[in-house]
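Okay, here's the structure, questions in a sec.
Here the chain labels run A, B, C and D in written order, and each chain numbers its own residues starting at 1.
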Amino acid sequence: MFRKTFGFLVQIDRNISNVHSRSNSNVAFIGLGQMGARMVENLIKNGQKPRVYDIIPAAASTIQGATPCSSPEEAVDGADIIITMLPNGQIVKDTVSRILKAVPKNAILCDSSTTGPQVARELSKVAKDSNIRFLDTPVSGGVVGAQAGTLCFMVGGSQKDCQEAEPVLLKMGKKVLYCGESGAGQITKLCNNLILGVTMIGTCEAMNLGVKLGLDPKLLTDVVNVSTGRSWSSDTYNPVPGVMENVPASKNYEGGFSVELIAKDLGLASDAALSINAPIPLAAMSHQLFRTLMTYHLGKKDFGVVYKFLEGQALKQ
Amino acid sequence: MFRKTFGFLVQIDRNISNVHSRSNSNVAFIGLGQMGARMVENLIKNGQKPRVYDIIPAAASTIQGATPCSSPEEAVDGADIIITMLPNGQIVKDTVSRILKAVPKNAILCDSSTTGPQVARELSKVAKDSNIRFLDTPVSGGVVGAQAGTLCFMVGGSQKDCQEAEPVLLKMGKKVLYCGESGAGQITKLCNNLILGVTMIGTCEAMNLGVKLGLDPKLLTDVVNVSTGRSWSSDTYNPVPGVMENVPASKNYEGGFSVELIAKDLGLASDAALSINAPIPLAAMSHQLFRTLMTYHLGKKDFGVVYKFLEGQALKQ
Amino acid sequence: MFRKTFGFLVQIDRNISNVHSRSNSNVAFIGLGQMGARMVENLIKNGQKPRVYDIIPAAASTIQGATPCSSPEEAVDGADIIITMLPNGQIVKDTVSRILKAVPKNAILCDSSTTGPQVARELSKVAKDSNIRFLDTPVSGGVVGAQAGTLCFMVGGSQKDCQEAEPVLLKMGKKVLYCGESGAGQITKLCNNLILGVTMIGTCEAMNLGVKLGLDPKLLTDVVNVSTGRSWSSDTYNPVPGVMENVPASKNYEGGFSVELIAKDLGLASDAALSINAPIPLAAMSHQLFRTLMTYHLGKKDFGVVYKFLEGQALKQ
Amino acid sequence: MFRKTFGFLVQIDRNISNVHSRSNSNVAFIGLGQMGARMVENLIKNGQKPRVYDIIPAAASTIQGATPCSSPEEAVDGADIIITMLPNGQIVKDTVSRILKAVPKNAILCDSSTTGPQVARELSKVAKDSNIRFLDTPVSGGVVGAQAGTLCFMVGGSQKDCQEAEPVLLKMGKKVLYCGESGAGQITKLCNNLILGVTMIGTCEAMNLGVKLGLDPKLLTDVVNVSTGRSWSSDTYNPVPGVMENVPASKNYEGGFSVELIAKDLGLASDAALSINAPIPLAAMSHQLFRTLMTYHLGKKDFGVVYKFLEGQALKQ
């Protein structure tokens, strides 16, 4: 899927020997939900023995090969790299403020939660005040990517710190994209997902229109995919049941990127847009549409379910 | 940019020897505007000597290698393939009704204008009643594609007729995509352009948001293009000045796909959606946004100028 | 509900003796659907003996006091005032072109159908070419107003013709509002209904938001109705069940102004806006929302049913 | 403008003798901006001698008849009723937490700032923990109403406390509307202003459409105001220049309810809607539209300036 070589990736490769290798780092991991548990399993597969913590003790104790800890402070003891993967910004802030004193100086704290740029910047400052390095490292790829170890990390903070953390991150993912200073990882993720939400709905509108007017959806998809309407939403994750195999649309919209997660990301993008007064008309409307689906109890379905909504088939009670 | 082989293209290739070859057809071409004149030049380059007509006589008489005609009836005299490329559906309908008696029986009438499916179906019926074969053959690629001979033809009508017309169409373009029965070419074009309009605006919203929050637009583009936000609008036609060379955004939004043309297509898509009550919320909002730009005299600019509008820089008077 | 005296109404009253009185006119009425049949009944109650026609013969023959006719040409024979009340502009155009030769010179043709300004202007011209006077006289008030004889007529055309037709129109309604030259009645109706559609949805959004946050809907309505959010949609036709008696919202959204009729009017308003490139972003979005409800088979419900849609209760299958 | 007697207002009147009269209360007022300074002047006109504080000392010292204080703690000393009128929720929270210990027990703290329901509920709890009574008392009426003493207070909290504070509030306004428990005043204000923002834009769309199609704006307004499109935005605050005298639209959109204030309120309404997942599609689009105007430096203009934006005349640089 890569079509060009990134300057900064090359840069990272060239300099990798100049920085302290973290591939055998002591890793702490806090937050073992749907994403975190799978990420930890990949760390273990790739030779790490992370110390792990979750607010639900059983989540930590059942992971083979990890050291379960009874508090986040205990988990970060002796760590070089600390990764947090938590539900929202407030929980990340509470957790970081709790562990700050226990984190070894010179450790790198990587927050892979999706929190928005403001939280990332606050945390970076708080960490710096305690002489701890902080990176915002949100991911794309979802639960499927977390399980397969194919996540993409979008990183904000010091580029040197990014290089240092990269070997550990690559044990859980396939790409580490350096995006700029603190908060840039979060911003990049929100911008990408803003496009994603809008493009998916636009694709659903056109596919529904074409099918209702008599087109074969596979044929329409084939044409769009060699034309100017082409996108990831049409060529990799088509929302029409039966057009592609092994995508959520062909599995009753189960197991993909949920409506409530894209709605969460569009909400964070809205907050970010509000902070600098950037108009986002289509993203705002997309946000409303996804939230309307949540009102009808479709929040757990893959976000391509917009196709069924437009078709007049989605909203049963 | 092709990523897969299309079943129907293969089909066309296999059967091509079974049908009467039209590569040395007598061609008539009606409508020599920005698009039509360039398409005719490619026909001539590829060995045709078309009979041509335009309502403005000079448009016909100045094309070297063509036979200028003083009426559309004269142009179609003796033609095997007749191509119309006209501003809107009403003009196409008026022209077709005028020439019907003069068109040789068994000729194929290819309308490459963008008219919407209803006009295409009406014309198909009218032509059939006169024993003339009709194909709707709208194009993508714009003026640039017309000049370069790289247009893509989306074809509705009989598949056999499509195969017969294909050799001539390929003298003006690089792809002939058979889309289904009469009107299917028009529907396919509208569906594609609906996605295009929505995706472009979504991309502009995200790029503006990211840049205003401090991201480098090239870096953001690089990440989006390997992520789920990827689309033709981001990886081939990026709307931010300076991110890509040789796209309208880097040439003051001159010379591309104009705001008023995408607005026209979204208007036709709205009519088609209305006819079958298919909701198109984002396309409707996109239509409004493009029309707002027209209100501010930006209708001739490339449609990526939405980026400047969102940035707060577009609307001068 | 009147708060000011209209100059033009006073004008009409003052001059009424100067023009030929039409209160004992010979009236023809074409189109006896939900609206037309009730309007005719009020004509009869008020002393007229109209000649009537409908494409369904039984619709004409069952109205006591009217003269049923077997063709529109027969109906207009000898008429001074001809009123048409038909489903859409195409049918009006077909009907008018059919009856033109049969209409007595100097008669006034009043089209009360909702057709948009373009059709009104075309008809005005066609009528004028046959020396027949034409007024566009669309109504507000719906089936309830038609039955009660409380319709409001919005009139475009010659003001003198309006004065002449007024006595007859007032037998079916309570207000005749002169709006300007030909088409102005249609434009006025579309503008009013555009506001109506948008305001109703905004009111539904706020009422749903307030109620879900714990407010009493009657109390919220009382405050809004003495505040800047006040409108006909809140103080006369409140969309929340139980807030007001005798409105559709309190009768399961039965019997009011249907979703499909407001959607039709917003579609005509969109066409009119497109013709002069006037942006209507909220009206366009409202149009989409009403059409989404139609996709879920709610087209016959009163348009306040948007409240139930937002509440998460409307869309059963 | 009142059309009905409110049960709860009557209730307040009947019981007013049962509660301690506060018409001669000791009043403290914190926050002397555009709104606050004018409210204080009306308190003084009506016989109060308030103790006042603002972060800018000159704001307090220049009000004749008030006692300027050098800290908020000093201002609340001995007060029965404390009124805060501050720019946003965070400042209110900071101020309240600072003064809590200095506020006399049994005093009533009235926050007239627009903060949203969540802040109101937090403050109510914080106050209660210190045995202080709290009311959220946001206002409608703007700077004009503050100056004229015609504000409307929307009150959340204990109804008995509302009755007790009412005599003081009525020295700055003409209406005190009890809306329900803590936060209800804020919710009511946001709901009202949500309708207001949407209805104003819808009215602007229709007026622009009608005028561009040739209608006289006064005539169109007259018809709308006796029809179903009637609202405060059309009959009291018409956005078309020249239709009404003494409204901002006729004074170059100066001196009214600013674009940035309605945008702020729509932002708070969005947050509230997000908290309970209530869809607000038109309000979200309205929010975007007002924010787009801010991008073009129109944030200080009256919000009816949307009319000029749609007309194609607003956005100069």
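The rule is short, and it goes like this: a contact is a pair of C-beta atoms (placed from the backbone, for glycine too) under 8 Å apart; a residue touches a chain by one contact, two chains touch by 3 or more.
Labels paired with UniProt names: A, B, C, D = 3-hydroxyisobutyrate dehydrogenase.
Predicted model only: the values in this text are computed from it and were never measured.
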Original post:
So which has more C-beta pairs touching, B-D or C-D?
Top reply: C-D
Original post:
What chain is the most remote from subunit C, judged by the mean position of CA atoms in each chain?
Top reply: A
Original post:
How many angstrom between the C-alpha centroids of subunit D and subunit B?
Top reply: 53
Original post:
Using CA atom averages as chain centres, what separation in Å is found between subunit C and subunit D?
Top reply: 38
Subject >> Touching two or more other chains - residue numbers and ranges from subunit C >> reply: 278-281, 285, 289, 292, 295, 310
Original post:
Given which chains touch which, is the overall layout a line, a ring, a star, complete, or other?
Top reply: complete
Original post:
Mind pulling up the subunit A residues that touch subunit D in the complex?
Top reply: 267, 270, 274, 277-281, 284-285, 287-289, 291-292, 294-295
Original post:
Can you list the residues on subunit C that touch subunit D in the complex?
Top reply: 1-4, 6, 8, 117, 140, 152, 154, 175, 177, 179-181, 183-184, 187-188, 190-199, 201-203, 205-210, 212-216, 219-220, 222-237, 269, 272-273, 276, 278-283, 285-286, 289, 310
Original post:
Given the complex with subunit A, which residues does subunit C contribute to the contact?
Top reply: 285, 292, 295-296, 310-313, 315-317
